[in-house]
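Below: one structure in structure tokens.
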């Protein structure tokens, strides 16, 4: 039931062990996001993640609590990095523990979809073609909207 | 892109590291199932998992390949245990690597939903009330059917 | 057919294995099948049901699953020499 | 109000911070707001837009997000002393 904002790489194995050790359940789903080596148009070699620390923490905590309530989670964890990242570095890790698989998997999906559009982080890509801020994606806004319309479950 | 059937506990951290090390992608989703301490009506202290080895391997390989094709996975892995299990032991682990989160998460969900109804494993629960074979769940059959109707994505 | 005729392997799992006390055996189709008709899963269920009341009951439960050479099939699937045919209740893994 | 009036904190992030060359500053609402009318996000955008063409452009882009005390709000949200008001482009984390 916690959020971490950190500049260090995410230790996926340690996060998993702690999440499950804290409150074992029958079903554990996780998602890890890594830095892509390309964006929509450009090759990417580095990524800078700017964030709004106080708001990021609040948004991620709210969204963890709301996923926990919606899906009856036993536990959850959201870890998000900021600062300088290299290609294939971890960016984000979410984990959910529930009694049944559908709840754990849907909670991870909800946390990721909401995080993408609601958490105050901004990606700045660096590559051979120079630097630019990453534009937000319509597909992310659409995935986010599914949870409000009840289309996703 | 592989299946393991084993009587030993699943080393989740090692499985994760190998899956991602083999073919890194931007999005990695995993699901782990553990032995519940209760079934629909009874307390459970132990579980015996009978399986049909040759068919189990074939079914799980087919379903991994079909999830990979459907969701354009870079890699996937399914590990299923058999034999004597204790409460909170790992039973099953699936992992999927894709370019985008929706594909990785949906692939894990598809693999789990299909595995539950199609892979030849049978659970026998042991508890204070005696032993019994676990009955199949209508909810599992319904979740499985969503993938054929196109309701799930 | 001097060498024992058309043999297939039958496998039973879970509650079915337990109820019938067997997990695997050879079945000779030439004993009971009609000379030229193709043998299907339904006719093998019929043949095995003659082994006794518990066989008849176990093999005719509504949820019975049949797998031919590791693939779930309907009762009209044709069975030929060397095939492996398995009977079991609905699966409960995962 | 001798001690400087009604102050709030303004924060700017990402492309907005970069375009305007500031990340955080204090704004005194009593300087420009009308005596008794409540101050909302829209009126602060108007006040800041008077700082120059680049401010006007940056604060009037269609996708601009405003967060008041760490919560996304519409432009009619009322701002009071001590509040923290942030402006930034759509978020691209995860």
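Every chain is named by a letter (A, B, C and D) in the order it is written, and numbering of its residues begins at 1.
Simple rule for what comes next: a residue touches a chain if its C-beta (ideal position, glycine included) is under 8 Å from a C-beta of that chain, and two chains touch if they have at least 3 such contacts.
All values reported here derive from a predicted model rather than from experimental measurement.
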Minimal path length between subunit A and subunit D through chains that touch?
-> 1
From the C-alpha centre of subunit B to that of subunit C, how far is it in Å?
-> 28
In angstrom, rounded to a whole number, how far apart do the mean CA points of subunit A and subunit C lie?
-> 50
Could you grab the centroid distance between subunit A and subunit B? Build each centroid from C-alpha atoms only and quote it in angstrom.
-> 23
Among all residues of subunit A, those touching at least two other chains are 33, 101, 112
Residues of subunit D engaged with two or more neighbouring chains | 94
Full set of chain pairs in contact is A-B, A-D, B-C
Which part of subunit C faces subunit B closely enough to touch in the complex?
-> 11, 13-15, 17, 63, 67, 70-72, 86, 88-94
Which residues of subunit A touch subunit D in their complex?
-> 33, 49-52, 54-56, 58-59, 80, 91-92, 112, 115-124, 133-137
Of all residues in subunit B, which touch subunit A in the complex?
-> 12-13, 16-17, 20, 24-36, 88, 99, 101-102, 104-105, 108-109, 112, 143
